[in-house]
């Protein structure tokens, strides 16, 4: 934001903008207010990422409204997360999104072609973790990353994981997704030297407590080089992995 | 207890005991009441195990009193758990116990020579888990088991564990002890086909929550053939493992 | 796994396998990858147990796919847990499973004839615990164990439990299943000298907290020789009990 | 309080008290304000019990001040709970209290002679529960009850408890005190038909969570006729039991 | 139970029963085993109360089966708790129960005429607590108690409660039922000198946490003479209150 | 209440009311008892606010009954919270309420014209917090306050919030509503010098734990001048803000 | 901050400040960086309050350093909270603070003379809550408020509270401080029509859980016009109350 | 590990190693077993990092033993975390470590010269977070990173943070460290486009719950590109940041 402020200040100094215009601009420019939402129009510039709508707490009409506002500002590629089947259908009737039901993701426009530092591996402990994994994988693909999926490689059958050590070791970033005891992140973290993003899932029952067991397990991982996102937060993991995978582009 | 009741009933029927004698016997025989404790005198017969004193909530004087009562009934071998240094010194002044400070265990008399089905492996994730492991190992030895210690084989360096697969696979029972994320039990459970007793420890900080993270992790283990005891309960794991390891003696 | 590696290494030394073949074999042999799952084909050999599918997080189509992959490798007997009525019907249309609705278990093929060390007793505190108990009992039967059911023998009417002391005392392993205050495991644990597997259930309301009260109660049991599995984990208890009951077969 | 209000109102009506006097009386009479405490002077009349000081959050000087204020109003018998050794010594230097270190109770004056409906039985699961039990027992004795102590009768050795069934069954009220899994209350509750007051204790470690396990266990007791007080609240249990035991005196 | 054992023992001594008959009798007499339940037939004698079925975890068919077994042993009056509308209709088709939908209680046979020491007051903090209150009130009435209902007298409008001080002060036992902050029990406990049974309810939202806030509040009540039952456990409170209210009948 | 008591006492003194009349008046006047509820008729006078019905735990019939009782006492303006669509329709058939579905609020009669000290700003972190915000805003408007809504100004895009600093700084009271990490209250609290009422919402998933994350965050706010209400308690925040905003009217 | 920005912008426009100077000013002006702390120098202007140092996580040397930095900017009156005896002595050796040991508060300079809208009442449930109450009271006095202390007026003896209704009803703001069950806030909230700030304290034991019971109780208060601060946060309550009490000064 | 296995396999094929030698090598090479620990000697190669000893659960003698074992394998640079003053002194007497008391870190040998992609910014919310921040900063420096410290820039004074936006925006990775409400991570995450590692600290009191409030807040951050490590885990954050900052070295 600093550079924006500087530009504005210089405009004032040079007489090209008045003080009131500047104040106005500070207030109106970066987003459009559509009542129930302030739609961010410059986030791509400011944060280096395409636009994302968190679909969970919004009605289909609200999502459509936000998409419309974005479209009017030229935003062509939008990722909508936590979008259930019904809302997806409603949105699709207005905006031409592609819908991925397992990941509950809708995508308007195109995925960016891969341009990161390397491959992001998305690994899961079991089959039940796949929906969260798909959310992570599609998010990373949308943001321009090569993605390799390794599903059902949980630690209770360690040979399944070890047989993929070559893929793990050549990854740029690894997203380790597991519910129940969430040990996958620790075992992978002990094998590789790239950053590992751990995603606990709400898979399991009883003392899994909706993902708390896996979350605590991952936070306490004795493997260095691991950090954790919220339970079931495939999007956050995919986004974080992409940010890491695109670091060199920054300099 | 059934056989005791039957014996008593038959005594009444045969006229060798009166009804009042029988009732009296039911009340007095199995333990001695020393006020603050009811000292069990027949537990070895009834449960097939040597006598154990849980030292945590008792004063040194109370422990001495219980040992004295046991001695007067001919109990020669007693295991005292959770015995801190000071109490141990006080007890030692009266009863000739051997004290193991790391395990906080005192033993009166002898350990039984090994006579179980096989070897009990006691494995830990890290160095900090060793005190709990020693409590488990000494308990198992006291109860007549061969014990093999494998310490600091945590999953973040999986090769350390895998290099011991031979010992793990030939074990009769395995006690897997770990704090932090507690993944050791799952990984071991996935490698072997013998019963695994998992012991979470209070090792760690922050979101380890005094062992809760490891406890939940172990309860949610996706490896079959695993069961869990209380946090830091080395004694319970050693006892359970011994019970399993002595099964064939029963028939 | 050690012996597999040794065999492979010797093959290389003897020139019967090349290095690349060996690496390939390490990667492909132990399971078949069907995308959403890595189907374990050698677990019976490695772990001494029949194959099991955890049905909870899988669609009927995924379960069918796994069964088909197993069938193509000659696996005839498969246990499917947490299988609800609807999925069971879908699966049944393709694979001839027997479905047990109360236990939510489907079984493909045969139960193994009993060949363990003795009888496994499955005891419950109340009528509401029966579904979990049936999951445990059927699992144990599937794995080749004699099972005796003692239902509704909770501690609030201790005479109901004591009247079965003969059965309890002659058991090889006991599975104690209870919700609410979960005291059953402690009382049984104090009566017998065989291993006791405690299963907390989510039966109850209010401060039962979905089984937490029973879980904590069982973890804190003052009876030695007791270990605990996850809330409602009848399968885990049955599997663990079977593992213990088959120990002598190992030597 | 209703009768006090009526008396006051009638006094106004009869002209014996003015309105301002009445308001003043309402404000000043029932307690004396000594700054850090409002010392209740009429509680014995209003609630039918001797005076009690909860010692935990108060300094020795504050306790002495309250005792002095009570003495100046003629209160001769006072029970002070949660009084540690040091404070007890300080208080004793001013007021002639009798101090019970195990129960951390100080008593000024006399215990009332027993005059309740029957005997209150105080039972504990183990030796470590005795301090809480003594707090309960002494409270009940102070309030005029016959008390029978049954210590170390935990459910893991059910014969110890059953051998006392005669005493249990003839009790007027039973206080069941236990830590760890807290099953004592349920088993006793299933044997008797008198009210049972359950007291969880903070005895135990790990998943005992400072008494939470026992608390939840007791709240979920499947035995009817049981109610629970706070963890380690021996005083509350003794008071409640006394209230119940003195019911007939009310009519 | 002691007296039963003595009777049996004397029978053996006198030759009227054989040892095997005695053992058989010990096993079969006190309940009937109908597979999914052990129906207690002598509980009225042993515990001084009519029979109760906890309906929550049972199917309508199971409840009918238990009622039939009871009927065949002459039990005429049965209380069924946690009975929802559908099950009630199914049961009613076989056994002539009276159903109270708000309290979710079904009663077979008659309520006992009041014969306790005095009146049980059932007070609630709000209107939403009424279903739990009705469970408590009907239970107490079924067990032979006079009941007075005081609903919606929560502490946020303290005058509503104070206006009923006469009824509160003349009660034999008070059941204080409240959700949210659960302060009702403390305020009532400070006004009266009879036993108070506190029932937290799951009424509320957010940080009410399904009744935990009220439960903790009641456990920490600074008013003496109060004990607590499980969240929403109207039955338990009614039963406990009845036990207390019938104490004099015992002597 | 003091002034009522004084008036009553003076009436007695002057002979205009008898003692029994006074006692009767104390009991009957302030509310009407309609069985399931004690309808407060004088709360407006006593607390300075219009009447409110908490609709959550009440049936439509109960709400109608309370409204009818209020109407018969001349209460014209009533706010009903937590009123779902179905109940609203039932109520509307009898009493002419205006229903706001997003806020789940029904209003009988008129909103009071604004007469407070200034404007109440209602700010939310996201779009999903709007229903709670509307509950707060409508409550404040009902109670006679000017309200300004600032929705979707969460801290992850701090410029959206900063662009509204003028409105924030001229507010009389600010209600900061946010789920997830709940940081909005701290950031606003650091910018302004008026009281801030923080409302955590149950928006979010996983480790949001139904609003606990936001609740804890807000309770730990390092910004002074902030206090917190229950999760999703828009009504409580609106009421508290109105109380603050009307302070000068008191003197 | 808006007005600062505007002033700066106008300065640029008028040529009195350059762009780089403005940016520099934005960065350096509002605080002084002394390494471990950024000492706020303009908070009084920006937030309308004197300066406060939270002493808990700081060493005596750090506190001294901050005071010195403040002094060099002309700040004469500073409140230091959570200052223990030892640190207070060290600080006093350098800066002439007045230390209040019970409240753990140090004050440099003067308290402001009272200039708010009315009196702030600080009420506690018991004697043990007094330290938190003194923190609140001294904070409010430091910030220029008249304070009235009402200590030990807990709800278990409701007459003690009611006898002070006159003081409660004439308060401008009330701070209700209580541990254990925390009911004080609800009862006060039901009596008065001014804002009530509730402060849970960590007083109590067992299920008080270090103040959680009181915290939840207060968050769920059914009395409107109440908001809550963190456990033991006397400072926060005093600050919030002062902010409310000084509202009229703003317009 | 794959490449090691391949090398070993090729050795066997070429006849340079025998099968038994290979198995031996697999077991002995990667670590040295010194009883209480398996000292990893090749981790630098395998994971790309210097060696680290977690000092918390180890005695000074154990740490010395591990350092000695490392030294004998040529490891010159070792980082010891969670090393308190006393242990540091004992270790220093044998191995020439440099000790950083605030960070509780000891370093044997040299810090690596910076060679990462850019600067790692370490920011804290307050002064009390500095010890954790120093652990993070020193870890990152030890592993060869340029580090910039920004301490006491918490969100309650947002201008302190905003004044550093230039440094934040030019960072390669940011470590955001905060206790209490932990909002720092979200606000920073919303300003920058580089990866943010959030570290909750146990700073605070009451409902901070030893860091849980900050942990939950950070897990629920609505700012994308953020991941979290354990409470107070400065080391983990520094290590993760270094791993990210050295990514380009990998290709």
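Labels for the chains are A, B, C, D, E, F, G and H, by order of writing; each one numbers its residues from 1.
Keep this in mind: contacts are C-beta pairs under 8 Å (C-beta built on N, C-alpha and C of every residue); 3 or more make two chains touch, one makes a residue touch a chain.
On a predicted model such as this, the values are computed, not experimentally measured, just so you know.
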| item | value |
| --- | --- |
| Shared chain contacts [chain F and chain H, defined touch] | A, G |
| Numbering shared by both copies at the chain G-chain F contact, with half separating same from different | same |
| Equivalent interface to D-F, taken from A-H, F-H or A-G so that over half of the residue contact pairs match | A-G |
| Chain separated most widely from chain C, comparing mean CA positions | G |
| Chain centre separation in whole Å, for chain H relative to chain D (CA means) | 53 |
| Distance from chain E to chain C - Cα centre to Cα centre, in angstrom | 38 |
| Whole-Å gap between the CA centroids of chain C and chain D | 49 |
| Multi-partner residues of chain B (each touching 2 or more other chains) | 1, 54, 126, 157, 191, 206-208, 212, 215, 219-220, 222, 224, 230-231 |
| Those chain pairs that satisfy the touch definition | A-B, A-C, A-F, A-G, A-H, B-C, B-D, B-E, B-H, C-D, C-E, C-H, D-E, D-F, D-G, E-F, E-G, F-G, F-H, G-H |
| List of chain C residues in touch with chain E within their complex | 126-130, 151-153, 157, 159-160, 162-164, 203, 205-208 |
| Complex interface listing, chain G residues touching chain A | 5-6, 9-10, 12-13, 15, 18-19, 22-23 |
| Of chain A, residues touching chain H in the complex | 1-2, 46-49, 52, 54, 117-118, 165-166, 169, 172, 191-195, 197, 215, 219-220, 222, 224-231, 235-237, 239-240, 243-244, 247-248, 250-251 |
| Of all residues in chain D, those that touch chain C in their complex | 125-126, 154-158, 162, 179-183, 186-187, 189-191, 204, 206-209, 212-214, 216-224 |
| Of chain C, residues touching chain A in the complex | 1, 26-28, 30-31, 35-38, 40, 43, 54, 56-58, 62, 200, 202, 210-212, 215, 230-233 |
